[in-house]
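See the structures that follow.
Paired with chain B in one complex and with chain C in the other, chain A is shared by the two complexes that follow.
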Partner chain A sequence: MITGSYSVKKGDYLSGGQVSSKIKEILSKLGIASEIIRKIMIAVYEAEMNVIIHSYGGEISFVIDDEKIEVTVKDTGPGIPRIDLAIQEGYSTAPDEAKEMGFGAGMGLPNIKKNSDYFVIHSEPTGTLLKILILVKSDKDFSKVDSYVHVTVEKCKKCLRCISRCPTEAIRLYENNLHILSHHCINCNECIRICPTRVFDLKYYEKNCKEDKQKIFIAPSPWIASVLINYSWEEFEEEIYHKKGFKIFPLALWEDVLIEETQRYIENNEKVKFPLILPVCPAVLYWIQTEYPALIENIAPYLGPVETAINSFPEQRNISFVPSCPAQMSAINSNKNSNMGINMIPPQESYEVIKDICKSINKKKEIDKIHNIDGKKNESDGVITVSGIEQVKTFLENMEKKKLPIHIKTVELYACYNGCFGSPYWIEEPTMAKIIFDSFWKKQRQRYEKKKIDAIFRVSTINSRKGVRLDEDVIVAIQKLSEIEKINKKLPGYDCGVCGAPSCLNFAEDIVVMQKDINGCPYLNKT
Partner chain B sequence: MSMKLKEICEKLDLQLLTPEIAGLLDREVSEGYVSDLLSDVLANAKKGSILITLQTHINVIAVCVHAELSAVIFIQNRMPEENVIKKAEQEQILLFSSSDTAFNIVGKLYKLGIRG
Partner chain C sequence: MNIQDIIKTSGIEIVVSGEKMDIERVFAGDRISDLIHSADERTLIITHLNHISLVQLFNIFEVPGICLITDTDPICELIESAKENKAFLLVSSLEMYETCGVIYAIFQKGNTYQ
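Coming up: the complex of A and B.
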């Protein structure tokens, strides 16, 4: 790994290109393909000119490893008031001085976007942070989603429930070997929820956080709810800071800002595709990528709350988070930058934290009475929520066929019933937990408004996920397809799952692609 | 169709501003780009192109380096400062000057078979 860092001065037009030239020198020595170097240089040069033209000065740093180059551009302000406009070609706020030199034509950010594989921009009046990632090896595919579900085969009693439950037919049980086809897995909680013997769990990754003066704890709403049931939040918050040094930021802050920002986006853009899907649940996004690619353009152009939350602390070495599902883990792992230290706390362990902290504070004497229950987040925002895997499936199917019975502007889709409150990792009943949290949040939100919270514009495009192709060669693929159909006709069509595949068609595919034995079908030869 | 920079220089009656660096005038060029917007050059000029522009400041050289262009023709007798020429020499980019307008220069290059 090679790293470096250079400072860039405000208004220093004459030095423009020095940083990018230095990076180029290093890249050339590493023997990186010249086409890739050219892409990197254009992106970095534009970023460098942006700092010179628009900011009070800043710093450009980079990290190169054998897969990618990651460039971080940081300035000290004054920030970009409208990122959504700034990434449109032709929009410019550059001074005349820059325009006379042939810059400031509103092509900077669009040029960076065009030449990078992934880029995130985050801006506040105190500074703008731009992260550019360019793959050095071109074979890495950003539409690829890894499965963050861990399987402990030894616990499996072969009840087959998971196989028929999985919404994307990603689970197989062949020869006592239970496994997940990772190119189909959308990281939802369904197998985790249905399995009676806890075969499935979150796949934990090593914690890479470092000791830091500030320990940030991004708290998911269901976790807060489980404290609220018995304890006062103010006391709990004080105690957890005192005992563990955790400074708590509720994840709901970023959920709210996503809705507000999307509202603004709708007002300011003429070409919005309705209904706009809020990227609240990463599992639903993976599902859309996998099975409903036509709906990708309906996804609101922001990062989800979890990804936004961790990116709001780009320099923190110690950020803790409790994931509610494998999808959130996947979203964090693909959106964190290399400076961050993330501490993923398993939900079970997070309950231990609550227990430990609550030893020293008093239990509430009586339970809260909550009046005025209403399910809506805000009367005027007009956001519709659909939750639960079956409900979301029906909704997405109807949406794809353009058969939604009402005109919907914005929709939140959650794979779990009642959103993350319905994750199998949270033990409180989801409806009650949600009411308790919503009522708390209405009253207490303003306490957290000191930290400036922004939505982050999603600049990289979401691609449809490539399934496995039957064969690289189209002719062979067609042959295989007709073979699959032939075999499928031989099978009984009961979709019983006893062979280890969720349906007869899936089994026929596996016979052709994975060379499974057709005699695995319990009905064949016996009727 | 490609053409040596030397030939282009002769046929368009260009003035070479950079010192004659060994071998550079023999570089073959087949494409060109005309623009005064440097971001536009970065975004759209093809590698190895010859750039026609009225901008003469030092950033033009940086853009040529990053977009991997081979030479620049400054239009209507515009002259870069000495430090720009020095930088171009370091970066092995040839600079020319022409008394013609951009329109005419492009027309002549097109006639010679250079495309954009």
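Coming up: the complex of A and C.
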């Protein structure tokens, strides 16, 4: 891994491009393909000139490994008031002196966007942070989503529940070997939830935290709810700070900001495609990418709450988070920058933290009275919430067919029932946990508003995921398709799952693509 | 197309003579963003700009040559940068539209011969 960092001065047009030149020198020595260098150079040069023209000065740093180059551009203000306008071609706030030199065409951010594979911008009056990622290996598919579900085959009792339950038909059980087709997996919790023997679990917990002045703990709402049931939050918060040094930021802060920012986006933009899907649940976003690509343009142009929360502390080397599902882990891993130190705490372990902290706190004498039981908060925001795999599936199908019964402006879709409260990792009953949390949040939110928290505009496009192509050659692919149809007709159509595939059609595909034996069907010779 | 053929036929003046002779296309513009987006090692740039910002077209984007127009005297930094990068620095006496027209005609002729 190669890293470097250079400072850029305000208004120093004479030195404009020097940082880009230095980075280019390094890239050339590494033997990176010239067309990739060109893309990187356009993006970095535009970013460098933006710092010179628009900011009080800043710094450009980069990290290169064998897969990608990640460039971070950070300045000290005054920030971009309207990022949504700044990324439009031709919009410029450059001073006349810059325009006389040929700059300020309003093409800076659009050019950066065009030339990067991933691009995040976060701006506030104290500074703008721009992260550009360009893949050095051009064969890597950026729409690819890795599966973060870990499979312990030895625990499998072959009950086949997971195979029929998986919403994207990603699980197979062939030759006693249970495995997940990663190009189908959307990292939801369904297999984890349904398996009676805990074959499935979250795959991997990154722990690369370093010592830092502050330890940030981004607390998911269900985790807070499980504290609230028995203990006073103020006491708990104080105790966890004393014992572990954690400064807690509820994830709900970024969920609220996302809703508010989306409302503003709707008010300020005429070309919004309704219903706008709030990117609250990364599993639903992966699902849309995989099976409903026509709905991608309905996704609100912001990062989800988890990714935004992590990116609100770009310089922090000690951020802890408890993921509620594999999708949140995947979202964090694809949106963190390499400076961050992230500590993913397994949910089971997070309960141990609660137990440990609560030893020294007294239990509540009486349970708080709960208001707002019917969840009016969301209704007043004009946001419809749909949760649970089956409900979301029906909703997305209707939305794709333009058959929604009523006009909906904004919708939150959660793969788990009652959102993250319904994750199998949280032991409290989801409805009650949500009510308890909502009631708490209504009263406590203002305590956390001192720190400025923003939504982060999602500048890079969400692409549809590519499944497995039947063949590179279209003619061969067509032949294979007709072969699949033929085999499917031979199969009984019971979709029983005994063969190890979720449906007869899936089995027919696997026979052709994965060379499975048609005799794996138990009914074939008996029907 | 060989850049020397363009220079010979068009009457464009050479300020710095370079070594990168082959060009495949010409791009004319006055906005740096447009220029860098189109610049590569086979593109001749035509521009009104006579500013230090052009230096990076040589350094970073390795253009084989830049042609200024309307008899502009290039600034020293641009001349030095062209020399360092062994690239052409040219000056046309014509306006941008006419300069482009002349070079376009030469390109067309070159293609006809081929």
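Criterion: the second predicted complex is superposed on the first by the 520 of 527 C-alpha atoms of A that agree within 3 Å, B and C clash if a C-alpha of one lies under 4 Å from a C-alpha of the other, contacts with A are read in each partner's own complex, and residues count from 1 in each chain.
Throughout what follows, a contact is a pair of C-beta atoms (placed from the backbone, for glycine too) under 8 Å apart; a residue touches a chain by one contact, two chains touch by 3 or more.
Just so it is clear, the structure is predicted and the values come from calculations on it, not from any experiment.
*Asks:* Quick one: chain B and chain C on chain A, clash or fit?
*Replies:* clash
*Asks:* Quick check for you: in the superposed arrangement, does A:13 touch first (chain B), second (chain C), both or neither?
*Replies:* both
*Asks:* Could you tell me if A:21 is touching chain B, chain C, both of them or neither one (first, second, both, neither)?
*Replies:* both
*Asks:* Using the touch definition from the top, say if A:498 reaches chain B (first), chain C (second), both or neither.
*Replies:* neither
*Asks:* Tell me the contact category for A:45 with respect to chain B and chain C: first, second, both or neither.
*Replies:* Touch partners of A:45: chain B and chain C.
*Asks:* Scan A:101 for contacts with chain B and chain C and give back first, second, both or neither.
*Replies:* Touch partners of A:101: chain B and chain C.
*Asks:* Taking the superposition on A as described, I'd like to know which of chain B and chain C A:295 touches: first, second, both or neither.
*Replies:* After superposing on A, A:295 lies clear of both chain B and chain C.
*Asks:* Using the superposition described at the top, list the residues of chain A that contact chain B and also contact chain C.
*Replies:* In chain A, positions 13-14, 16-17, 20-21, 24, 38, 41-42, 45-46, 49, 101-103, 105, 107-108, 111 sit in both the chain B and chain C interfaces.
*Asks:* Enumerate the contact residues on chain A facing chain C in the complex.
*Replies:* Of all residues in chain A, those touching chain C are 13-14, 16-17, 20-21, 24, 38, 41-42, 45-46, 49, 101-103, 105, 107-108, 111.
*Asks:* Across the complex, what residues on chain A touch chain B?
*Replies:* Counting only chain A, the residues touching chain B are 13-14, 16-17, 20-21, 24, 34, 38, 41-42, 45-46, 49, 101-103, 105, 107-108, 110-111, 114.
*Asks:* Mind listing the chain C positions that touch chain A in their complex?
*Replies:* Residue positions touching the partner: 30-37, 40, 47, 49, 51-56, 59-61.
*Asks:* Chain A touches which residues of chain B in the complex?
*Replies:* On the chain B side, the touching residues are 36-43, 47, 53, 55, 57-63, 65-68.
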